[in-house]
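For reference, chains read A, B, C and D in written order, and residue numbers begin at 1 within each chain.
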Amino acid sequence: MILVYLIGLLMGGGVLALLMGQWNNSLPKWIALCTVSTGFILLLSFWIDQSRIMNTLLPETWMMEYRHDWISTFGISFHLAIDGLSLLLLVLTFFLGILAVLCSWKEVKERIGFYHFNLLWILAGISGVFMAMDLFLFYFFWEVMLIPMYFLIGIWGSENREYAAYKFFIFTQASGLLMLLAILGIYFIHGSNTGNYTFNYFELLGSDIAPNVAFWLMLGFMVAFVVKLPIVPFHSWLPDAHSEAPTAGSLILAGLLLKTGAYGILRFVLPLFPGAAQLVAPWAMLLGVIGIIYGAILAYSQTDLKRLIAYTSVSHMGFIMLGIFAFNELALQGVVMQLVTHAISTGALFIMAGMLKERLHTRDLRLMGGLWTQMPQMGASAILLAMASLGLPGLGNFIAEFLILLGAFKANVWLTILATCGLIFSAIYSLRLIQQVFLGASKNLDPIQDFSWREITLMASLLLSIIWLGLYPQPVINTVRPTIKKLEELFLIEKEYGHILINNKRIDSLPEKNVRQVKTELVPSNTHSYVR
Amino acid sequence: MMDHLLWLIPAFPLVGFILLALWGKHLSRFWTAIIGAGSVSLSAILTLFIGLNFLSSTPADGHYSQTLWTWFEVATFIPKITLYLDALSLVFVFVITFIGALIHIYSVAFMAADKDYARFFACMNLFVVSMLLLVLADNLLLLYLGWEGVGLCSYLLIGFWYENPSNGYAARKAFIITRIGDTAMAIGLFVLFYQFGTLSIPDILALTPTTWHEGATITTVTALLLLAGGVGKSAQLPLQTWLPDAMAGPSPVSALIHAATMVTAGVYLVARMHVIFQLSPIAQMVVAGIGAATLLIAGFSALTQYDIKRVLAYSTISQIGYMFLALGLGAWTAAIFHFMIHAFFKALLFLAAGAVIEALNHEHNMFRMGGLKSKLPVIFWTFLVGSASLAALPIISAGFYSKDQILWYAWASEHGNTTLWLIALFGAFLTAVYTTRMLLLTFWGDAKTAVSHYPSKLMTIPLAILAFFSLFAGFIELPHNFGHLTLFSDLLHQVLPETILKAGIHGELLFQLLAMLVTFGGIYMAYILWYRKPQLTEKLKQSAPLIHLYRFWFSGWGFDQVYQVLLVKPVVFIASINKNDVIDKFYQGIAILMVRLNRALSFTQSGSLRWYIIGLVVGAILILSIQVIL
Amino acid sequence: MNTPIAIEIVMLLAGLLFVLGIVGVIIRKNIIFMLLSVEIMLNAAGLAFIAAGSRWAQPDGQVMFIFILAMAAAEVSVGLALILRIYHQHRSLDIDKLKEMKG
Amino acid sequence: MDIFFYITAFVTLFSTIMVITRHNPVHALLYLVISLLSLSVIFFLLGAPFVALLEIIIYAGAIMVLFIFVIMLLNLGKETAAQEKAWLKPTVWIGPVILSTILLAELFYLIITAQPPSYNLQTVDSKAVAISLFTPYLIGVELAAMLLMAGVVGAAHIGQQKKTVLHRFLKEEEPQ
């Protein structure tokens, strides 16, 4: 039930903020802050509670479930459930949610009520995406997070905002429709096979789909997730959307929206279509590697601060693609770490870009320089963040990237070596960023303030999390371990009998049984005990 | 008991760093200095304490180790934050903390006028922490943490005076070039992990001889990947170009990072992983070859520089080349011995050079110095001692003992041969020449720039201490035909194997005499060229082939230009032409196509009724003709 | 009414009338003439309906003609009203001058 | 009966051709009336007497009167005829005639090839029409009524004499 409350809280808070925005300008901020922090505290306490169990017992994959019929004629239910992966990303969502509210505290000056309504509804959509275990519901939330984001960019963005908003909308919407097609495809195939027409994730897990059909269905899902992630040929919405969005928008885009793509691949593409995923793995990894290097080179040449950071995201998301399709625990754990740490480090960079924009009224790197003299605190944080982004050991991103590369090395040596070269490029663009903004001769003679107390709190929380994740990431790793383990097992078996599944339409009875067994293990065995 | 105190060695500077980084702005200069220099000094004292303990009662397994916490645990990959102190790391920890402390004390006075006092000490402290973690690491991942950490500090400190963009450029160059090596090393770590299932150094070293065959491809590849990391960090061929530019940082930084400690991390890595290198004769040969080539190339370049710090930088590259040569020859202890001695005299030389530069109001050009012998006597004497050690002045300087060992092994070890020996010998000659040249230009002759500052006690005392060690530290290890003292190698043989000599080699004395002769020859030649007959040098410089050679050497054998053309320019070019993202053009193309289509369609909406009717009629004709045809 | 009239001939007549109507609509520039031509086309269609109705001895053809008639009445009244307004506004009945609805 | 049909058919065609070629609107209109009258004869011959009467009463009577009113209202006379003459150049005819010839040829082909030999045409009396009209086509009648109603209201609204103000879209751009 707590899961429904979480979404309800955000949506309700959003509506309340919208209504209160008519009367008062500061009330919506406080409403939004309270709403998100309440959710955060709720989740955090739940996590701490769970981690006690996690460390002692053999942990269950699924922690909590809520199910209620919605449109039963079509087999659609309001079905939410979380496992470690979802929980972690939810905590991240609320954490960044708080920061998003805080960082737009002074930046947004008009239509404050509507702004916070959009903000909270995006968060609600994202939370829903992380929890939905019904494909129809998933698609619903997928769209819920899209539309408020469109408004956020289109209304409160900077000069070129309408173009960016359109671009963002068209890319995500078009790819989302392909996913809808694939969802309907799997719905009907499963329905005609078993006579049970349902969108329920757990029931669809076990469905037999002919390999060639599965391949196309998987591509439908993949396109949506890959565009969201984004991977290189589909990335071009991202720099525009990131650079034009308001700070909180960039933060949520980079920190959360991109993560829904990776989450989707982990949650849907791999378990639903393991055979097909195996088939595309080398190509997906190749795309990931291209993304790493291409993004990094593009980042190097940008002159717009936010665009630069946006392209670094492209580069970092390449690592995620590489890791996911390596199909082993090391790489997958690395992927989860990368999701969290990238959200924090890039989010922090975007917040910093927002702060610079507030002070200098420009995002153009050529107009910056020598800001260290006036803002040593910001400079120091920026160096730390740049180091995180280039993967300095001791910071969270390093562990993520190292694990991904280590895992991927097992799967594909040469691609991994290429990807590792991406580390050199990441150093090049990160250092250029620092040099252009903070070092060099001072170009700005007007006095600029260093961090205010609000900003210090914001930054400190982010920086501390990054360092914490770099030195002791075990809580995160433990939380997702059951989920990752199950995924890995699935592919171990798939690998063993993979050639049979892929090459023969006829599936031998013995291996199929094995695959089935594992697939059904992904279904919560103790569902009843958690349904409240 | 002592292993529980191990964590305190890096903890002191870490606390110093945290204090300075967070509250540096609010601390007075006095307290900043106390925290900055004091923390490292405490570490040094603690190291002495632990080191004495270690020496007096060496544990049975030859090391202290302390696990602080498990870093993380994924599948079978469980790196721990474990500190590991054995004889090899003890030497390094000793050098780092001890010389580090001296340099910190020196910096208290040297940096006194700088506005970013706290930032300087914060970075220096962070550097010491990282370097200590590097050498104390029990597993390669933790080592990598230290490895990258020192890279970061090096970046921060080279670009310490950030207002000047060229400093920033030098800093980035240093970081990125070492990063290239680091990346290769990371790949090496992957290979090691999949071969052994662990990154723990003792485990790997224990497993290697049983898992890998001598000369197997995988061994060579791994060794070369690790070597690439070392080559980048230690500024060896072909990644040496960053070090001369790194001199943009303050002199204490050059002394600590770019002479004494960080640049020798590559030596440490190779020595630490010696088991792997031993199993691969090819890798051994490559190490030796790189060392030999580097020492020669850097020696020639040092000969032509006019910036005193760049001379020292090239000489550092050259001396590390000696260490690599020794490593490649299997003369593990000789390499480490040379490292230690080199750390003393090179730190001394850099600090003294820094004092000179400050005294002459930031004048780097040696040709505008001169005549400082009487004006800065303490500096002169200490610099003289350092130079003697660098030039390996026989008998009285420590450098002689360490370098002589390497020369001897270049001939006598089983990997040694005549070519390597000749190169090493010629390198020694070059060293003597450029060292003397530097000394003569700086301290003899006419004074060309007025002395504006005089070094304070805080600066001269560390110099004196270092000078003492530069002279006498060599006596703990004497050749066996001359005292035969093997304190140092005995200690290290707990960790590193003994050097295997070719059978039936005699006449060490002859080689020592030759080395002496070469040194004196070099000194004399420099004396002639730059003191007695400087006009001869000028004349030589004018002759056509020599001037090109001079320029070629001066620019560091053209490596920078080659890299600029082969690597930097293409990447920058690709980046700049692709600034607006080619792929985005594709999507924009779709958008433009749609707009065009819209135009075409809206063109048919001409507003002319007759046009519409004709359209209708044509449509009717078409439909009917379909019917007619069917 | 003893000799049968070939249905093809009637249909042919309807076709001819229809085509004449089209020609009229296309070549005339005056809106009134265009409207007249439209009436011709409507009548041609009506003729086809009537012929078909007679052919099958069904009333539907005539019913359709009645609908066409009603439609033509409405169309003509609205169309003529429009012509009036157009003439008032543009002082012209030239269809080629009325191109404001260009896309 | 054949001969009657052919004669009326000829009259219809001729008058129709005259309609589309006249320069004077009143002349054209009168030819159209003739065309409609002859068409009504054809209807009668085809066995649809009720519709033939409707054709005369409503079409030739009411609708054409509307046209005449409009022509009178607009006072279209000699000038219009002259202008029409100017507009109707021989070259204007080429395109439409080609198009219509093709269309006609196709229609011709389809009509000839489609049907089996003809039957006797039968009279469908007004009673049958009325029954059909008010039983299965009741909705159609209602709709037609509504259409007429809307047409009347629309015509009344549009034809209202208001100030002759140009619609804002039709205004020329005024120089600022």
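One rule holds for everything that comes next: a residue touches a chain if its C-beta (ideal position, glycine included) is under 8 Å from a C-beta of that chain, and two chains touch if they have at least 3 such contacts.
These numbers come from a predicted model, not from an experiment.
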Most centrally placed chain, judged by C-alpha centres: A
Whole-Å separation of chain centres (CA-atom averages), chain C against chain D: 4
Rounded Å distance, chain A centre to chain C centre (Cα mean): 65
Rounded Å distance, chain A centre to chain B centre (Cα mean): 39
Approximate Å spacing (C-alpha centroids) for the pair chain A, chain D: 68
Touching two or more other chains - residue numbers and ranges from chain C: 22, 26, 100
Junction residues of chain D - those touching two or more other chains: 95, 99-100, 103, 107
Chains grouped in pairs wherever the two touch, ordered by label: A-B, B-C, B-D, C-D
Contact footprint of chain C on chain B as seen in their complex: 601-610, 613-614, 617
Sites on chain C touched by chain B in the complex: 22, 25-26, 34, 95-96, 98-103
Touch list for chain B against partner chain A, complex: 21, 25, 69-75, 77, 81, 119, 141, 144-145, 147-149, 152, 155-156, 159, 162-165, 168, 171-172, 175-176, 179-180, 182-183, 186-187, 189-191, 193-194, 571-572, 574-576, 578-579, 581, 583-584, 586-587
Complex contact set, residues of chain D against chain C: 1-2, 5, 9, 12-13, 16-17, 19-20, 25, 28-29, 32, 35-36, 39, 42-43, 45-48, 50-51, 54-55, 58-59, 62-63, 66-67, 69-71, 73-74, 76, 80, 83-84, 87-88, 92-93, 95-97, 99-100, 103-104, 107-108, 111-112, 115, 117-124, 128-129, 131-133, 137, 140, 144-145, 147-148, 150-152, 154-159, 164, 166-167, 169-170
Touching residues (chain side chain A, partner chain B) in the complex: 167, 232-233, 235-236, 239, 297-298, 300-303, 328-330, 333-334, 370, 372-373, 376, 380, 383, 387, 392-394, 398-399, 402-403, 405-406, 409-410, 416-417, 420-421, 423-424, 427-428, 431-432, 435, 438-442, 471-474, 477
